[in-house]
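Structures are listed in the sections that come next.
In the two complexes below, subunit A is the common chain; its partner is subunit B in one and subunit C in the other.
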Partner chain A sequence: MIDLFSPMGAVRALLPEIVLSAWALLVLLVVAWRHRTSADCRLAGWLSAAGVVASAAALVWLWGSGARSTGLDHMITLDWFRFGGAAVILFSAFATILVSIRYLDREGLVAPEYYPLVLLSTVGMLFLAGSADMIVLFLGLEVMSVGVYILAGYDRRNPASAEAALKYFLIGAFASGFLLYGIALAFGATGQTNLQLIGAQLATGPASLMARLGLALLIIGMAFKVAAVPFHMWAPDVYDGSPTPVTGFMATGVKVAAFIALSRVLIVSFPGFDQVWQPIIGALALVTMIAGNLIALAQKNIKRMLAYSSVAHAGYLLVALWPGTRLGAAAVLFYLLAYSLTTLAAFALLGSLGTGGERDVSFDDVAGLSRRRPWTALGLAICMLSLLGFPGTIGFIGKWTILEAVLAEGQYILPVVLVLTSLVSAGYYLPLIMSMYMKPEGERPAWKELVLAQPGAAIVFVTVAAVVVFGILPSGIVDASLRSAATLAQTVMPMAGR
Partner chain B sequence: MNGFLESLSYGQWILHALVLMPVIGIPLVLLVPERMSKHVALGITLLTFVVSAGLWWHFDPGAGMQYRSEVAWLPRWGISYAVGLDGISLFMVLLTTLLGPLSVLGSYRYITERERGYYALMLALLAGLIGCFLALDLFVFYVFFEIMLIPMYFIIGIWGGANRLYAAIKFFVYTFFGSLLMLVAIIALVWKVALATGELSFSYDHVLRNAAAAGDLAPWLFAAFALAFAIKVPVFPFHTWLPDAHVEAPTAGSVILASVMLKIGTYGFMRFAVPFFPDVAMGDPVRTIIVVLAVIGILYGALVAMVQPDFKKLVAYSSVSHLGFVMLGIWGGTLASVQGALMMMIAHGLSTGALFFLIGMMYERRHTRELAEYGGLARVMPIFALVLTLVAFASIGLPGLNGFIAEFLVLLGSFGRYPVAVVMATLVVIVAAAYLLSALQKIVYNPLDRPENQGLTDLSLREVLVLLPLVAGIVWMGLAPGPVLRRMEPAARAFVEASARTEAPAGRAVLGQGEVAR
Partner chain C sequence: MAPDLLGPALALSAVLFSIGAAGVLLRRSAIVLFMCIEIMLNAVNLAFIALALLHGVAGHIMVFFVMTVAAAEAAVGLAIILVVFRHKQSVDLQHVNLLRG
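And now, the complex of A and B:
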C-alpha cells in the first residue's frame, strides 16, 4: 500500500516518471558537450534507450509490487490501467529511439537533442496516462505535446517538416484551450479536480448543464489529440511531414496516452453520464471510421495512407470506448497495444524505403520488393494484415475484443460499421501487399540502395514477431487487459458506479 | 485394419495430426533447396493423405461427432481449440487430403518460379481447409475460414494468369465481406447465449443447444451466416468472383478452389447456419428465396457455361450449376436429398477437380484454353481423350458414374417439397449434356485440322498418376455408392432432424434451466 499524500509514497508511485525525467536531463547535459559528430548523436541515442529501459524497470517493480493507494488516488493513480498504458508508451519510445539512431544519421539530422525530447515527451505521456487529477492530466498533455511539436519540425531544412510542426502546434494549442475550458467547467460544476471526486460529486445530483458542457469540451479536446474526425484535419499533414520515426511515435505514444486518459475521465469521472457521452463517442466513432477509411482509400503514397489509416484506427478505439464497461476498457487497452506494435513496425519499415521523410514513396515504388528485400516485404505484409485485422495477427484479436465489448451491450450498428469499414480498409492495405509481391520491379524503386540498419532492424523484428505470436497466443495479454480494466473499475467511487 | 489402428491409438491424435502435418511442412518446404521443395511438399501431403485414409475404416457412422478433442486457447472468453468429425465432415476431410498430393503433383511442371513459396502456401491452404472442416468452436472455425483466404490470394495473385491482380482482389474482397458480417453474427449469437445461460462459450455444442436464445435477432444472424456461406458456395447472384478467380488461378489453385473451398460454403450451411436457426432457415420466406436462388443458379450456370469460348470458364460456370443442386438438396429436407447434396459435394469435388487438371494439362501443351483452338485430340492424345470423356460424362451425370447418384438423390428427395424446382432442375441435366458434350466434341473429336495440335504428346506417367485416383473415385462411387452412403447416413439423418426442429422445444427447455442457474 502506498500513501500518496506522503512524500515517500509519491516518490514510489512516480518512480518510472522520476527516473525518466532525471535521465532525460542527464542526457541533455551530456549532449551539451557532445553534439557535433554523428557518433555523439548515436551516443545520446543509446543513452536514452538505456533510460527507457531503466524507467521500464521501475515500472515493472512498481507493477510487480502490487502497489495500491491507501484510499483516494491523489494526483496519480496506482492501477493496472496506468501500468499497462505506461508499458505500451515505454515500448513505443524505446522502439522509436532505436529506429532513429541510424535514421537520423542517414538523413543528416545530427542534433542529439532529439533524444531528450523523445524522453521528455514520453514523461508527459506517462503522466497523462497515469493522471488521477485534471491538473496532472493537463500538465502531462502539455509536456507531451510540446516535445512532439518540436520533434515534428525536426528536419528543419524540409519545409514539409516545418509546416507539420507549425500546424500541429497551432491546432494543439487550440485543442488545449478546449480541454482547459472543459476542466474549468467540470471544476465549476463540482468544485473538484480529482477525477474520482468529480465522479462522486456528480453522482449526488442531477446532471447540470455546466457539467455536461465541461464533459463535451473535454471530449473535443481529447478528440483533437487522438485525431478523431472531424478534429483530424491536422493529422495527415503532420504525420506526412514529420520524420518517419517521429510519425510512428506520434501515431502510437500520443494516441495511447490520450486514449488512456480519455477512458479514465469518462469511466471514472462521468460514470453516471453515459447517456450524455455515449452518443457523442458513438457518433465520433462512426464518422471517424467511415471518413478515415474512405479518405485513406484515395491515397497514392504510403506514408499518407498510413496517416489516414491511423485516423481510422482512432475510430475503432472510440468504438471500444463506447460501452464504458470493464470489457470496453480492456478492449481499449488491448487494441492500443495491438495497434501500437503494428504501427511502429510499419512506420519503421517505411522509413527504410525512401529518403527525405519518405513522403514520395508510392504504392508503385515498392513493386517487386518481395524479391529484392524479402524480409522487409514480409514484415510490411504482416503489418498490413494486422492493421486489416486478419486472423493470425494481433490486430485480429484487437478487433475481436472490441466486437466482444460492444456486442455484449447489444449494440449492433457500431460493430457492423466497424467490420464494413474494415472491408474498405482492405482496399488500401492489400494493394501494398499486391505491389510488393505480385508486380514486377518498377522503373524507380525508392528502396534500391537503402537498408533497415541495426538496431532498428532488431526492434522491428521483435515487434513483428510479437504481432504474430500474440495474434496466435493472445491469452496472457487478454487476461492482463481484463485485469487492468477491472482495477480501473475499482477506482470508480462506489456511489458513482453503475 | 481397425485393430491395427487401435494399436496406434489412432483416434486420439488423428485430427490434430491432420492440421499439424501441413503446418509443420511449411518451414520444411521453405528450408530445403528450391528444386527439392515440390518433392518435400508431395511427401508431406501424401503422408497426410495416408494417415487420413485410416478414418475410412476407423470412423464409426453411428457414433455421431467423434474424435473430439479440446485444448484451452483463450479461457477467459470460453474459446478452446476444439475439433471433431462426423459423417458430414469425414468426406470433406478425405476429399481435401486426397486432392492435396494430387494438386502438388499436378503443379510439378506448371509452377516454375518461386516454388518454395508456392508449395508453402499450398500447405497452409490445406491446413486451413482441413481445420475449417474439423472446427467445433466458432472462434476456431472463423479463424480457419479466414486464414485460408491469404494463401489463395497469393496463389492467384502471384502465379495466376494475365488478369490475376484483379481476380485476386475480387476473390479476397468478396469472401472477406461475407466473413466479416459473420464475425459480428458469431459474437452477437454467443453473447445472446451467454446472457441466457450464464456461460460465455464459443463451443459449437453449447451454442447449438442454446441457439434459441437468439430470439428476435435470429433472422439477422442467419442472414449474416448465410451471406458468408452463400458467397463462398457461390449462390447466384454472389457468384461473380468465381469465374474470374478460376480462370486466373493456376491449375492447382483452381482445383482446390472448386473441389474443396466452395464446399466450405455448403458445409457451413449444414454445420452452422441451418442447425443454429432451423425456424428461420426452413421457414418462409427464407426457404423460398434459397430454393429459387438455387434453381436460378442451376439454370443460369448451365446456360452461361454453354456460350463460353474458354474451357476453364465453362467449367467454372458449371460449378455454379452443380453447387445449386447441393443447395437444393440441403433445403430438400429429406434424407435422400441431404445425402444427395453430400454426394454432390464429393462428386463435384472429384469430377471438377479432374476437369481442371485436364484443362491445366491442355494449357501446358498449347498455352490456350480457347475451345476453338483445339480439335481431334483423340487422334494424338488417346489417353487424355478417354479420361476427359469419362470425367465429362461424370459431370453430366451419366448413370454408372458418381454424378448421377448425387443428382438423382437430390431430385428424388426434393421432389416432395419443391416439385416445380425439381422439374426445372431436371431440365438442366439436358443443358449440361449440351455444353459439356459440345465442348468435348470441339476438343477431342472434331477433325485434327490445326498443325499446332498435331504434334501434341499424350499424358505422361505423372499426369496419369494425378488423374487416376480421381477417375477411380468417380467410377467406384458411381458403381458402388453403398459404403459412402452408409457412412454419411446417420449424420445426414441428424441434420434432417435438426432442420425439421421448427419450434425447438429442446432448446427452450435447456434455456429455462440456464436461467435458473443464473
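And now, the complex of A and C:
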C-alpha cells in the first residue's frame, strides 16, 4: 500500500518517471561534452537505451510489489492499467532508440540530443498514461508533445521534415487549447481536478451544460492527438515528413499514452455521461475506420499508406473504447500492444528500404525483395498480415477482443463496419506482400545498398517474433489486460455508486 | 474580482477562445496562427481565474502551469517556424506545401 499524500509514497509511486527524467538529464549532461562524432552519438544512444531499461526495472518493481494507493489516487494512479500502458510505452521508446542508433548515422544526423528528447517525451507519455488529475494529464501531454514536435523536425536540412514539425506543432498546440478549455469547464462544473473526484461530483447531480461542453472539448482535444477523422488532417503529412524511427515512435507511443488517458477520463470521470459520449465516440470511430481505410487504398508510397493505416487503427481503438466497460478497456489495452508491436516493426523495416526519410519508397520499389533480402520481406509481410488482422498474428487477437467487447453490449453496427473495413484494408496490405514475393526485381531498387543494421535488426526480430508468438499464444497477455482493466474499474465503482 | 463578474468573465473567455479558434482556421501565416493559439490559451486562463472564485485555489495553480507550458511551446514553436523560414523564405502556409494531406 502506498500513501500518495506522503512524500515517500509519491516518490515510490513515481519511481519509473523519476528514474527516466534523471537519466535523461544525465544523458544531456554527457552530450554537452561529447557531441561531435558519430561515436559520441552512438554512446548517447546506448546510454539512453540503458535508461529505458532502468525505468522499466523500476516499473516492474512497482508492478510486482502489488502497489495500491491507500485511498484516493492523488495526482498519479497506481493501477495495472497505468502499468500496462507504461510497459508498452517503454518498449516503444526502447525499440525506437535501438533502431535510431544506426539510422541517424546513416542519415548524417549527428546530433545526440535526439536521445534525451526521446527520453523526455517518454516521461511525458508515462505521466499522461498514469495521470489521476487533470493537471498531471495536461502537463504530461505537453511534455510529450513538445519533445515530439522537435523530433518530427529533427532532419532540419530536409524541407519535408521541417514542414512536418510546423504542421504538428500548430495543430498540436491548437488541440491543446481545446483540451485545456475542456479541463477548465470540467473544473467549473465540479470544482475538482482529480479524475475520481470529478466522477464522484458528477454522479451526485444532473448533467449540467458546462460538464457536457467540457466533455465534448476534452474528446475533441484527444481526438486530435490520436488522429481520429475528422481531426486527422495533420497525421499523414507529419508521419510522412518525419524521420522514419520518429514516425514509428509517434504512431505508437503518443497514441498509446493518449488512448490510455482518454479511456481513463471517459471511464473514471464521466461514467454517468455515457449517453453523451458514446454517440460521439461511436461516430468518430465510424468515420475514422471508413475514411482512414478508403484513403489508404489510394496511396502509392508505403510510408503514407502506413500513415493512413495508423489513422484507421485509431478508429478500431475508438470502437474498443465505445462500450466504456471493463471488457472494452481491456480490449483497448490489448489492441494498443498489438498495434504498437506491429507498427514499430513495420516502420523500422521501412527505414531500411530507402534514404532521406523513405518518402519515395513505393509499392513497386519493393518488388523482388523476397529474393534479395528474405528476412526483411518476411518481417514486413508478417507486419502487414498482423495489421490486416490475419489469424495467427497478434492483430487478429486484438480485433477479436474488440469485437467481443462491443458485441457484449449488443451493438452491431460498429462490429460490422470494423470487419468490413478490415476487409477493405486487405486492398492495400496485400499488394505490398504480392509486390515483395511475386513481382520480378525492378531496375534500380532504392534498397540495394542498404541493410537494417544491428542493433535495430535484433529488436525488430524480437518484435516480429512477439507478433507471431502472442498471436498463437495470446492467453497470458489477454488475461493481463483483463486484470488491468479490472483494477481500473475497481477504482471507479465506489465513486460511481455514491 | 467581485463574484458577480463570474458570468461576464466566462463569457469574455468564450468569446476570446472563439476568436482564437476562428483565427487558426482562417488565417494563413504561421506566426499569426501561433498568436491565435496564444489567445486561445489565455482565454482558458481567464476562465480558470474566474472559476477559481467559485472553487478555490486549484484554478490559480492551473494558470501558472498553463503559462509555463505556453512559454515552452513558444520557444519550440518559434524555432520550428524559423527552420521553415530558412527553407521557404516565407512562413505563409500556402507556400508550405511539400506534403499534401
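Keep this in mind: the second predicted complex is superposed on the first by the 494 of 498 C-alpha atoms of A that agree within 3 Å, B and C clash if a C-alpha of one lies under 4 Å from a C-alpha of the other, contacts with A are read in each partner's own complex, and residues count from 1 in each chain.
Just so it is clear, contacts are C-beta pairs under 8 Å (C-beta built on N, C-alpha and C of every residue); 3 or more make two chains touch, one makes a residue touch a chain.
Note that the structure is predicted; figures quoted are calculated from it, not measured.
In the superposition on chain A, A:P230 makes contact with neither subunit B nor subunit C. Touch criterion met: A:L407 reaches subunit B, while subunit C stays clear of it. Judged by the touch definition given at the top, the superposed model places A:V146 against subunit C, while subunit B stays out of reach. By the touch criterion stated above, A:L170 is placed in contact with subunit C alone, subunit B being left untouched. Which of subunit B and subunit C touches more residues of subunit A: that partner is C. In the superposition on chain A, no contact is made by A:G205 with either subunit B or subunit C. In the superposed pair of complexes, A:G71 makes contact with neither subunit B nor subunit C. Contact with subunit C, but none with subunit B, is seen for A:L180 once the two complexes are overlaid on the shared chain. When both complexes are overlaid on chain A, the residue A:S475 reaches subunit B alone and has no touch with subunit C.
Contacts of A:L423 after superposition on the shared chain: subunit B is touched, whereas subunit C is not. Remark: subunit B residues 73-77, 142-143, 146-147, 150, 153-154, 157-158, 164-165, 168-169, 172-173, 176-177, 180-181, 183-184, 187-188, 191, 220 touch subunit A in the complex. By the touch criterion given at the top, residues 10, 17, 20-21, 24, 30, 33-34, 37, 40-41, 43-44, 47-48, 51, 54-56, 58-59, 61-62, 65-66, 69, 72-73, 76-77, 80-81, 83-84, 86-88, 96, 98-101 of subunit C touch subunit A in their complex. Every residue of subunit A that touches subunit B in the complex is listed here, in rising order: 385, 390-392, 396, 400, 403-404, 407-408, 410, 412, 415-416, 419-420, 422-423, 426-427, 430-431, 434, 437-439, 474-475, 478-479, 482.
Remark: subunit A residues 134-135, 138-139, 142, 146, 149-150, 153, 156, 159-160, 162-167, 169-170, 173-174, 176-177, 180-181, 183-185, 187-188, 191-193, 233-234, 236-237, 240-241 touch subunit C in the complex.
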